[in-house]
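Consider the two complexes below, in which chain A is the common component and chain B and chain C are the respective partners.
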Partner chain A sequence: MATNRSGAAQRPNGAPQTKVCQFKLVLLGESAVGKSSLVLRFVKGQFHEYQESTIGAAFLTQTVCLDDTTVKFEIWDTAGQERYHSLAPMYYRGAQAAIVVYDITNQDTFGRAKNWVKELQRQASPSIVIALAGNKSDLAAKRMVEFEEAQAYADENGLLFMETSAKTAMNVNDIFLAIANKLPKSEGAGAAGAGGARRLADGEQPRPSSCCK
Partner chain B sequence: MSTSSVDEIPDQSKDLFTQDGVLLKNCVGRPVTDLNSIGMLCIVQNADGTKCVEWRPNDLITIDSDTQDQEWAVVNTVGRRQRTLSGNMTSDYATLRARIIKIPLEELKTFKVTRNNQQMQFSTKQGVWQTTFYFQHGNAEIFVAYLKNHVKTAKTRHDRNTYVVVEPNVESQVLNRSFAELDIFTENTTDVVWNLVSNFKQRPYETTLEAFSKLTDIVYYGNEGLNGKRDVSEEVADLLTKSMSAMEDATTITKNEEYEVVSVKPTLPPRPCIPRGTPLSTEKWDALQDKDGRITEVEGVKQLIFRGGVAHSIRQSVWKHLLDYYPWQMSHSEIRAHQKKKTEEYFSMKLQWRSMTEGQESRFSEYRDRKSLVEKDVNRTDRTHPFYAGDNNPNLVVLQDILMTYVMYNFDLGYVQGMSDILAPLLLLLGNEVDSFWCFVGFMEKIASNFDMDQAGMKHQLLQLQQLLMFASPDLAQHLAQKDSGNMYFCFRWLLVWFKREFSHIDIMRLWEVLWTGLPCANFHLLICVAILDAEKDVLISKDYGFTEILKHVNDLSMSLDVDRILSTAEGIYHQIVSAPHLNDQIRIILGMEPLNMANSAHSGNSDRQEAGTSRTQTNGNETRTNGNEHTGPFGQDIDEVMYQIGLDMNF
Partner chain C sequence: MDEEYDAIVLGTGLKECILSGMLSVSGKKVLHIDRNKYYGGESASITPLEELFAKFNAPAPDETYGRGRDWNVDLIPKFLMANGLLVKLLIHTGVTRYLEFKSIEGSYVYKGGKISKVPVDQKEALASDLMGMFEKRRFRNFLIYVQDFQEEDAKTWKDFDPSTANMQSLYDKFGLDRNTQDFTGHALALYLDDGYLQQPAIQTIRRIKLYSDSLAKYGKSPYLYPMYGLGELPQGFARLSAIYGGTYMLDKPIDEIVLSEDGKVVGVRSGNEVAKCKQVYCDPSYVPERVHKKGQVIRCICLLDHPIANTKDALSTQIIIPQKQVGRHFDIYVSVVSYTHQVAAKGWFIAMVSTTVETNDPESEIKPGLDLLGPIRQKFISISDYYEPIDLGSQSQIFISESYDATTHFETTCLDVLKIYKRGTGEDFDFSKVKVELGEEDQ
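And now, the complex of A and B:
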């Protein structure tokens, strides 16, 4: 799958001109819940058991093709430790989507995820699409956060929710696709995303066919 | 540095950003003697939270024998960071204050940059340019970038260089609240007035090209790129300012063309190519010690290490000295005693946490949190290296034990992500728990501020890096500023763990041991950054990367850098900088050199002011500061907020 700019032109199946939308997505969550691993699985199809901690931030892109639209994600992967919390607004500012990650084997990380959701609801763009990812679902034997509990919380807060496993790849593409589907792609709706309009306007060039202005 | 007397000053404002080398070219209502004076253009936050653009002539911050008291008074009133002093400072308060030009941001209507970033004009009235400044460095865009953090602007349709100030919007207010600790928007506006006053005396000045910047606040960028014609209002303004000046003095230079005469940009001398030396060898190391094992020629040893690093076979012993575990001048027998003492000390601290019961732990959340952080990171530190690879690797236990003991050694600092990266190569080399711990302590002494709770140390260094880059590679610095990357945030990882993630283990050992020498200057690690960036300059500029691409490009340099070439380049850049004729105090202070303005007064005045802004950093171990939490002097918070808030300066 094309990961570079102008996704439409590079679609492997040679599909002609589709709309290309570009969205900024940020990953948030407690340290060591698997944020980088989710991104790495999604973008590169890799998994490292001992993925090193993220210092500062990492930036990756991935393009997914929906029926009539190509969605390019600009993914910001952040450091999770509380010490680096003060840097977080820099990442989620202007983001159209966020994946808040917790570790299903660690109740504390679920609490922390809720705080992230709260912070995003309070301070990020009002139209941001938030997905909650209960990662490490391959470790269900050590589960500390019940699926139903998280699902109920997600429903209450209007979040997409999936349990994922970066290790087995379970639901990883799915959660990104679900986000892609939920993101506004029509011209009118897209403008609601706070940073969206501007980001696309001065984003990478040459800019693909216009949608999600 | 005490704050007490400063706190008593009624008008306690602080500089958020300052730019030296700015000439006043035009100002409505100013006598002609004021024009062409050099000074400092600042973004100032007043005590009530309002802000203004402020220009101060240089002579106001220089001690002048016949008006010393007054000068001091001014120094104090314009910025609480400047210095602490005693005595009467309020007597001529109003008069002195009037010599400064202030433009309250809330009154600012438009501003524009012209003449290739050399000139900036301000207006509080639509269509009339009331004040014009000339930037000797030709870097007005930096000032604009910072100014845009404090006012929301839009570009005019007609002129891409003209910014119209618009009302702050909702999102910025939300962001403001989210950083409540900044506490800068809490009070109402009362105080600010734009003094267009005329008792300013022009004085001789030294041309100093200094730009140290401090910034707080939320960032806002206007839209880029609207091309257009020159605004009619600009023409009107030019005419007006010309006529005003003409009225006062026919000889005043106000025509734009004239500015070219003084606009020669200083350039650095050619970069010398300095080859690396050979590593300090076993033979040489042995020869450097006297029969008892004392090393007296410490500086000489450090010079050798700086030149070529240390042969791997003797790294174990040399590092213990470099990291202040073994004092250089201890004899073998003294070292043995010292080692014994340090070993006991280590194990007593280790016992403290080892003997903690489960019950205790369950009631000690702060300890539990730290322990959990350590566990999470140890488990994923350098696991691809054979020394740490594989399940149940015993070296991971040692890593964990050292970090946990460090938590007890410095509980307040605790464990912060990045520390395991710092420790891993030490343990890998030394192989011994106690030695690794004490060497880790020594390393942490040098970089503890990297792990400040509020990121103050990191922000400060990023700021210094920006200043060095502006001096050494202005093209690149300007390009980065234009690409929302003037905050240098993309170098965060480099600085936090001293390039640990950028080099292989063997290369990082070389780089670290060179940096530990503290040679050839303070903050040489920042010149390493400059050297790496300088090598990437063409790519970064030609590809016109934006903030995200810059970060990605810089992250992706990892493991492709040549340590010896970079060290050589960094040293070359160091020599370029120090031999530059326009080397200024700002840069001198960053590099740990005595500021020239010290001559004016022993410990104070102008130089102190700069020191406050720029030198408060860890300097490769040359400073005694031991804990980042001490980072909160009277000047600390402002500068710390600077990069913190620049951190928000991302135009997504």
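And now, the complex of A and C:
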């Protein structure tokens, strides 16, 4: 049940026929709450104390193995376009999951997170799976957002919720795993319905729809 | 905003977004601003459909048009050549990973009042009704000559110097008749008018090679089209720029481009804020006093609830009406995309008829194109001025792109971008600057 660092789809022993599902997951949240750090921890198992504001890497993939399914996340980071509310619609398009991140030591970032959730509920596909992440839980001494407050908000809005720390790795894999579990994995779930469309560099064959055998 | 940048880019049309991406990738600190609250400027795809109707002051669409947000309607019609410059830029910069494409199903040419498929291989050429028996053989010899032609190998030129002799003389060498010249020059080499006949043949040979290399890539036609419309392209390059540190501000009016005493740009003002910079890159709409009008393009967006007759119900096509066929100087283009590209609601087609304006009555100029479409449910006509910069920007350091022309592909668009990049930075764009890790992330 662990995430698989190589990125290749692994098959649990004795289960030769695993279903591979691909999902687009977007990150949202105020600058410096730790969006990129969460991805870096999840995908590469690393943490940088002085993580630069996102530059150069804003598209990563990581695979999670469930019992009968391999879930491949295509993870989109905002690349700073959220700073002046200039995210391109392309960013959200076809997203099947979102992690909205705030910093537990900063009340403002929690307010912003609520706004992102509202926008997702208004604009995104009604079936999108949204997780709320209260990041930097290792800094509990400086806490400004109470766990109970965030949990209550998440419950009201039907969000997955965890406090995470990209620094200590607490709950990082878990939140992605929880999302993977909640995503619908039926044939064609969440697919863009774009039969025959292709990505140009990837060997030029039609791209598998988001959920395929 | 109150910071100093290497370059400020104004407008998020495709050209500006590619430039912004290239500048950021090259390590420049870039601020990218648009006065609109959406990406794409003139190269945006309008969504939802209600927005398009409102833009043209038409009463709101009724329920037969389906869900408004299923529509993404381009304002400027273009296709990508599968082996063309834009595809190379997309692949080299990694932007292709944000996009998906479909091949355009067929390419047609207009002759004597009806349309015929542009032959894509020998079999089609033999079956084609575009040429008679003997002409087919001559055309075949011509195609083989072009195919075997190597610029570095004079032996393949066959006693013909393509850099001095003109295209007319090459046609004559193969004895091709006027009709064949017409569809070769306009539907394969994609020239807008007949000026190319007097130009060195090498230019046309390169274009025909681009056509056939593009065709070889995916088969059905040399053209590709992005899912969700052309508006995705500027967004993809904007994302590239942002990933490399570019700062994005939409919905930001520009009040002034601030110059020093010697006429060199020093910044850009919006309200009371001034962002300092060494250079400005922009589209003509931000600098009306620094561009002049070169001509006009008419574009007509047509919403159809049926495919085009005689195209085998293709879900996407390009039709070229060569100028001579309808007594004009410039070709008329018809491009058709549909619900299969997620740009229209189920069952709907979007046809765009466009050409370079030649008369005082542009609407009747596009009639031959409209006549091919059958019943049109809704029609939106726009006539845009086509601008080019009055100077190269070396003194002012303001680098201005040309407006989008009537061509139906992106080759001229990319050439303009590469030229502007070179004017601004003094060097050719070095594709190896795109970090290798970008490729490796995509495991």
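To be clear about the criterion, the second predicted complex is superposed on the first by the 162 of 213 C-alpha atoms of A that agree within 3 Å, B and C clash if a C-alpha of one lies under 4 Å from a C-alpha of the other, contacts with A are read in each partner's own complex, and residues count from 1 in each chain.
What we mean here is this: a contact is a pair of C-beta atoms (placed from the backbone, for glycine too) under 8 Å apart; a residue touches a chain by one contact, two chains touch by 3 or more.
From a predicted model like this one, the values you see are computed outputs, not experimental measurements.
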| item | value |
| --- | --- |
| First, second, both or neither for A:59, with chain B first and chain C second | both |
| Chain B versus chain C as contact partner of A:31, first or second or both or neither | first |
| First (chain B), second (chain C), both or neither touched by A:79 | both |
| Partner chain(s) touched by A:89 [first = chain B, second = chain C, both, neither] | both |
| Shared contact residues on chain A - chain B and chain C | 55-60, 79-81, 83-84, 86, 89-90, 93, 194, 198-199, 201-202, 204 |
| Contact footprint of chain A on chain B as seen in their complex | 171, 174-175, 177-179, 223-225, 373, 376-377, 379-384, 416-418, 420-421, 451, 453-455, 489-490, 492-493, 496-497, 501, 546, 548-549, 551-552, 555, 644, 647-648, 650-652 |
| Chain C-facing residues of chain A, complex | 6-8, 54-61, 79-81, 83-86, 88-91, 93, 192-194, 196-202, 204, 207 |
| Complex contacts: residues of chain C adjacent to chain A | 38-39, 47, 87, 90-91, 94, 96-102, 217-218, 224, 227-228, 232, 235-236, 238-239, 242-245, 247-250, 340, 342, 435, 437-438, 441-443 |
| Complex contacts: residues of chain A adjacent to chain B | 24, 31-32, 49-53, 55-60, 74, 79-81, 83-84, 86-87, 89-90, 93-95, 119, 122-123, 194-195, 198-199, 201-204 |
